[in-house]
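The letters A, B, C, D and E name the chains in turn, as written, and every chain counts its residues from 1.
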Amino acid sequence: MNYELLQAAAASNTWGAIFPELMLGCLALGLLVLEILLPKKQHDLIPALAIAGQVAILIGLLVNFRTGYLGDTTFNGLLRHTESGQFLRAFFLLSSILVSILGVVALAKQKMPRIEFFHIVMVVSAAMMLLAQANHFVLLFVALETITVGFYILVSYTRSNALSLEAGLKYLIMGALSSGILLFGIVLLYGVAGNPALPAHTADSMNFDALRLFLAANPDNVLASIGVVLVLSGVAFKVGAFPFQIWIPDVYQGAPTPVTAFLAVASKAAGFAILLILVRTFAPYAAITTPVLTIMAAATILFGNLAALTQHNVKRLLGLSGVAHAGYLLLGVVAVSATNSTLAVGAIQFYLFAYLLASFAVFGVMTHVAGADDADQDLDHYADLGKTHPFLATVLAVGLGSLAGIPPLAGFMGKLLIFIAAFKAGLYGLLGVAIFGVVISIYYYFGWIKAAFFSTWKAEGAPDTRPARTDVSLTARLTLVTLALASILLGFYQGPFGDWLMLR
Amino acid sequence: MSVGLNHYLILSAVLFAIGFFGVLLRKNTLVIYMCLELMLIASTLALVAFSRFNGTMDGNVFVFFILTVAAAEVAVGLAIIVALFRKRQTIQVEELNALKN
Amino acid sequence: MSALLFNLFAFLAVGSALAVVFNKNTVNSAMFLMLSLVAVAGLFALLDAGLLAILLVFVYAGAVVALFLFIVMLLDTQGGVRKPFKKATVAASIAAAGLLVTGLVSFARATNALPAVDAAASAPAVGASLRNYATQLFTTYLLPVQIVGFLLLIAMLGVIVLSKRFEGLEDIK
Amino acid sequence: MAPASIALLAFLAPLASAAVIALLLRRRGCIASYVSSAAAAVVAAGALALAFGGERFALTHEWLRLGDFSLSIGLKYDDLAALMLSIVGVVGFCVHLFSLGYMADDAAKARYFGGLSIFMFSMIGIVFADNLFMMFIFWELVGFSSYLLINHYHEKQSAADASKKAFIVNRVGDFGFLLGIIGCYYALGTVSLDGIAEKMGAGSVVTAAIPLLLFCGAMGKSAQMPLHVWLPDAMEGPTPVSALIHAATMVAAGIYMLCRIQVLMVPEALTVIMWIGTVTALYAALCAITQRDIKKVLAYSTLSQLGYMVAAFGLGSLAVEHSGEGMMHAMVLPVGVGAAMFHLTTHAFFKALMFLGSGSVIHGCHHEQDIFKMGGLNKKMPLTFYTFTIGVAAIIGFPYLAGFFSKDAILYLAFKNNTAVFAILALTAVITSFYMVRLWRLVFFGEPRSEEASHAHEGGLSMTLPLVLLAVLSIVGGYTAIYGNAFAEVWALIPVAHGSDHTIILAVSVAVMVIGAGSALVLYKPASTDALENKSPALFGALGGLKESFDAGYNYYVAKVQQRFAMLVNFLEQIVLAGMIVRGLAAIVGLVGIGARALHVGSLHAYVYWFLLGSVLLWAFATGAF
Amino acid sequence: MNTQPVDLLLLSIATPLAVALAIALGLPKRFSIKLAYVGFAVPALIAVWLWSQFPGNPGESYVFLTRYNTGLQDLGITLALGLNGISLPLYVMAGIVGLAAGLYAIQSGAERLKIYLMLLLVMQGGLMGVFASIDIFFFYFFHELALIPTFIMVGIWGGRDRSYAAMKMTIYLTAGAMLSLLGLIAIYLKSGAETFDMITLRTELMANPMAFVTQKYIFGLLMVGFGTLVSLWPLHTWAPLGYGAAPSSAAMLHAGVLKKFGLYGLIQIALPLVPAGAAHWATPLAVLGVVGNVLIIGFITIAQRDLKQMIGYSSVMHMGYAFLGIACLSTLGAGGVVLMMVAHGLSVALLFLLSTSIYHRTQTFDMTEMGGLAQKTPVLAAFFVTGTLASIGLPGLANFWGELTIYVAAWKFNPTLTVLAVAGVVISAIYGLRSAAKVFFGPPSDALNGVLAANPATDLRWSEKIPALILIVALLFIGFWPKSLSTPLDSALRALYPAVEAPATQVVSR
């Protein structure tokens, strides 16, 4: 290997391209240092610093949104910088910030160490940001594993709660299993694409661009097909698509609420980010990916909604409804897979963003309603919320309405855009399923709103065994207001954001 | 008999399948976890074989990362199992089903 | 020669893997896992990936399995009555085994369809050179290395969070 | 003032009055009554001025247009309209005047007079209507005002029921009427009266269905069998209302409408109309015999007389020998119109007279309506007695009073066209004399048979004046000459018997009157029980049953058929559709949901199986197993 | 394009929404109520003013047209506002009924009045938006905006069975809305125009109609979707239940105005854009409407004992006429439906309003326990009878025109169905008058005497009278002067419907 090549390879490691991720990593490290330096009494400063730092990074990212690297690959083809990638980076940063804010509220009820939580959240977010720009299986795997391992810890973070640990264990086993399946798929693809006896074989066979070229030249390779579906099933675990969705309610229930939110929003979005990249990489195998994703989408929508119908634990409920949302998003992915529609990509991104706003609004409320035992959050706990905490109840209603896809909320626009994209791709059957899903989902979303607004707590005089509701701090209040208002505003006025999404 | 790529691949697949079967069969969380490690190793075997037969380096390098990741995973996983055992005094799968329905 | 060694390691690997699964004693399982790893390391060596073989033995056999053993001893899970498998479980296991075997067969068919490459003739033994690993890890894959660094960091923190004794937490006995 | 302006004034004055009363005078009954009466006076004056002013005109104005469909509001003022308007105006004014006295003490006087004004407005609308849609609109509106006025004593259950029944039965008729109009619209492309005449004159042909459907409207409004059931019940309304609406004008609107659309008639339709009229005439007359309520007797009498008119219309045309300029022309004239309208006119006068007379009696007897509890009123209420006697004489066809001429015209027409009908109508005339004399005898003669009757007294001037006025009209109304040329077009169509026919009809007419009246005088003495019932319970029972059977059938239909069917459909909806189907589907979805939820068994192994199955399925798909 | 100094249409939508926002942000109750008057009055005044300003013969084109980009212009979504002859009558009706419902709500003294008013204002804003929108997306959007408060209001302030009713209503209406949304998306994409702008779509589709099969499916979707929203038999079961449970003002606005969304969509969007599909479905639609809605529901209405349910069912029944009118595929039929929608909106709102006033006096909705109320409350009785007579189509009140024109149009379409439909006039007379008689006339029932002894009934207060009078005056105005609505309507439909009236030839020519 000659020196020039090495030099070129080294020069390709343009760290500036991943400045936000680097800063996030540094911030995470800095927090650890601060923990050592600061006296115990002032440890409360650290979360605030973490949030402030992330906000600063987010602002920096947004200011420098149209970075010069757009359209390029860096790090020897490991990363590809695209506008979608930029959007997702901002997305993950935003969810990281929100998780941190929820974390402050939720951890206050636990006697757990705090700083590590923020640290891990930030590292995981950085990994997600990188994942969204992955252009290579090695980076994909490493980033994905960083996320997964981070989540193992986060899910079982409240270790004083056996349920949290059980959830952690379940996530661990299922995660490791799916990692194994994913890895096996990657290996197959790597091996087949590098096979010198095959046309268009490539030396860099884990690179997505090279892989796509290879797949296009070998449209019927069985091992490659197996590799493709194994990789897809690994990603399906991340997004919670049928039949790899089965772990979701258990893990969501056991995990601390902010982590559940993080799993529901960011982890799922990361899955979709990588799914979108992979679907385009596997485009030559659309004959396999499209039907697989189609069936997955239909089954996911149906299963998620049906299973959620009679669910009473709100965390499980949100988990199952999240499964349904993954189904709707898959509908968009199918549209991408079938027609490579840019509209569908924009739609998925809008949907994800609307989902983020709504989910965090709901999880934010849940964080305040939940007691120390995070896993025990029943619909009954929401009775009277409309009377005692009108603010929380309103935010909850907006969030749930948006999740249900009711105009004038952002969730509706997301669904509309996805439906348009799906219709354009001719996915009429799936649309039918999706609409059925939306209709029955009304039952449980509305049931929750009903619980919060219409019913009253048990009989008069019965002892109130529900956990006490947390007072809403100014930061949390501002956050929730912002989330709710953004959910409303995006429902009818998308402004430059809409233009940007649809113009690409 | 000349040992070809497919032999390694089949061997790797067999190991992978055994690992998977172990995950299905065993009730002891620790053993399940061992089987998962076995599956990872099976994958790396295929990776190395491909790397060798295709003459590309990336597979071998990937193994580095896989091993590292696996080690980290094991550390965290065992920590969770230990913590759980301390809480529940069991690591049998069928007894760890407080979260359901 | 290599065929013989391959068969040896292969049988060793498969056999001890089966032993991991079917052995009733957890400690023995861990030991068989180590054996299986060693066999795979041998196969690595056969594939001219000596460094990886050594790493596998060091990291896995040395560290991971040792950790397993340590935990097994620590938790002492051997006690208690082992419940026999339920009939449904047995049936499901047999079905699963059938599925897995079917998969293996189909996989074997698929690999046989792959154009054969003669390793020795067609490709250089890239894995044999330490230098190659070094250049790759520090140029092309520098970013993943960094990420893995962070991964190890959070894993460490995680283990601390999950295991360390904290004030006010009475769960660790 | 131009005639059109007078017409508009007469048309809108009652509307204005109604609006003013509804908005401003709700609590000021007295002022309301004067306002309404003033409006009625304007109508009467306007009607007479127009009629005798001699000018005939038409106005039209588009009311609504959608696509090719246009609906106009227009005034068609010809001799027929002039005649009808005059009747409405004069009788309406009389009734208003009478009401001033009769309703003086009523708590809801404003509502009453408002209703009268709305009625006047609507009725004038029918009279003026130059097209069928407009006629339908006002047709419905008179139905509404009738509803309002029948329901005046709404705290009485019977009044509430009667008003409801009246409206609904009328709606049944209107159902046919509306379909007939729409059918006519599509058959001829127009519903304007002039347009229809033009089209028919040009040789267009319509099926019998259209005139018959239109006749449905008349059946409802003019209470022909089988839609007559509402009219006797409608007597729950205040008596002046019965006089105006349920005797003189509104119920006659059906006849008027038929005359308006005479050109559309085809022989088959006419035959049907004739028989319905004839049967109604006889049936109602038979029913009248057994009634105890003074108003009910008059109501059945009205029904019977309306049957006469309808039968007259249905008898249709007659070839008439017409002498002019020394030559004899044979021509076919729609004399049914003439006969019907002529009888309508005279009937309006004498029946209004009798109703107002009965009102006077009822008023005098403090709202006692049972004729067996009256008696001796000829002395207590002489004016009422005399005028009422004139009315009775007119209706039974006492020679040279109004009813005599018009009835003879009809009998003559029947005699010429259909002997069977003639026989039945003659029999009806016998019965009419019989029950009218019975009534007259029981009410006015003998000794008072109740406390109320013994304290009877004559009402004030406002009540006696209309009686006198109408009595005069009942006497002279049959002489067409007194109207001058005003209604010449209508009068020209009255069939006049000549020669031997004239003699026969005269003889028959006098004979039936004498037989009927005589037997009544013989049978009924002033007594508190019904002589017929005593003498021949079977006959009495049969006659009563004749009346009851229809009401019973109607009640059976409402309570048993309609209501039960409604309950059945409701049951099916609640149980089958909303219950089994909708809730069933929801339950199925719910069960599937519970099933899906139950899959989360909490065991890791189960979950791993999911992964295995998923992977295997995907694998199988990738290797082409599917 | 906007010649107005102020965009009144936007103002009419924004004012109630802004007031609602102000209340939501914690305005004190006193000011909230004062501001609510403004929020309800402004749209009504603007609507009436625009009505008076509406040009004589604009054809199908929209007047008062304005457009705003909300960020999805490239997808063909803009906030385009305007009125044409079809939307004007409904827009005006929405303003008037909204004002009445608002005034009635303000005086109702409901528990948590502020939130109640806020939701009602949101509904009002949405309703004004539905009929002022030219963009199909916003048309749908505003509908849903108005729909959501209904559910909440039923759920919180509802009567008997409110929980089940709210849920059922929500699910049914969401299902209907989703299906129609799918149909609208289909129009958006299959037209080839990729825009939701009705003006562009019309131009595009007039020049290049869609293939017959596409039209068939699209109209089928819209028919079922909109049909559910309008309670087409047998998808209607939510309606009587929901209205039975809904608080008066919500029922007024929903049954009166919001429900017309589906019919309006069929007339304004479906018929002109997919005429061949409409022709294909016309007969099934008409049969369902006449046999299902008019006859079956008619008889069910007769069997009702609960006053509010009865009104709910009668509203469902009248929708049958609307479907028949739409199935006629003619200017006359569609025009009749629009007239009927306006009239029905006013009259059913009036009846719901009065039924609540009755309830306050009798403490029950069960008609068998009432009777004789007219003696105590003559004005209430008069108003209620007026409303009943309006709803059974008495001339002089607005409803008559719609029914009459629909019947005339229907005869051309199918005389047999017309005969069946006209039979409905008898059915509606039966239940209408029966309810009036049971509630107001005859002697009072024992139960009522008991209630009245404890709680003497007074006649309508002015605060109740005024909203009722607003509706009655509107009914009478249109009843006496139908041209005020039919002229713009005729102008728009004539321009728009040639293709609808001759879909067969159009298909052949392709």
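Definition applied: a residue touches a chain if its C-beta (ideal position, glycine included) is under 8 Å from a C-beta of that chain, and two chains touch if they have at least 3 such contacts.
Not measured: the values here are computed from a predicted model.
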Length of the shortest touching-chain route, subunit C through to subunit E: 2
Neighbouring chains common to subunit D and subunit E, by label: A
Pair of chains whose C-beta contact count is the highest in the structure: B-C
Chain at the geometric heart of the assembly (C-alpha centres): E
Most distant chain from subunit D, judged by the mean position of its C-alpha atoms: C
Rounded Å distance between subunit A and subunit D, as computed from the means of their C-alpha atoms: 77
Euclidean distance of C-alpha centroids - subunit B vs subunit C, Å: 5
Distance between chain centroids, defined by C-alpha means - subunit B, subunit E (Å): 64
Distance between the centres, which are taken as Cα means, of subunit D and subunit C, whole angstrom: 101
Subunit B residues counted as touching two or more neighbouring chains: 5, 9, 19-20, 23-24, 32-33, 49, 53-56, 58, 61, 65, 69, 72-73, 76, 80-81, 83, 87, 94, 96, 98-101
Two or more partner chains touched - positions in subunit A: 138, 142, 145, 149, 152-153, 156, 159, 169-170, 173, 177, 195-196, 222, 226, 249-250, 316, 440
Interface hub residues of subunit C, defined as touching at least two other chains: 92, 96, 100, 103, 107, 110-111, 114, 116-117, 122-123, 132, 140-141, 144, 148, 151, 155, 158, 162, 171
Chains that touch, pairwise: A-B, A-C, A-D, A-E, B-C, B-D, C-D, D-E
Subunit D residues within the subunit E interface of the complex: 26, 62-69, 71, 108, 111, 133, 136-138, 140-141, 144, 147, 151, 154-157, 159-161, 163-164, 167-168, 171-172, 174-175, 178-179, 182-183, 185-186, 562-563, 565-567, 569-570, 573, 577-578, 581-582
For the subunit B and subunit C complex, residues of the former touching the latter: 1-11, 13-15, 17-22, 24-26, 28, 30-31, 33-35, 37-38, 41, 44-45, 48-49, 51-58, 60-61, 63-65, 67-76, 78-83, 85-87, 90-92, 94
Touching residues on subunit C, where the partner in the complex is subunit D: 89, 92, 96, 99-100, 102-103, 106, 110
Residues of subunit A that touch subunit E when the two form their complex: 343, 394, 401, 406-408, 412, 416-417, 419-420, 423-424, 431, 435, 438-440, 442-443, 446-447, 449-450, 453-455, 491-499, 502-503
Footprint of subunit A on subunit B - complex, ascending: 5, 9, 16, 19-20, 23, 29, 32-33, 36, 39-40, 42-43, 46-47, 49-50, 53-56, 58-59, 61-62, 65-66, 69, 72-73, 76-77, 80-81, 83-84, 87-88, 96, 98-101
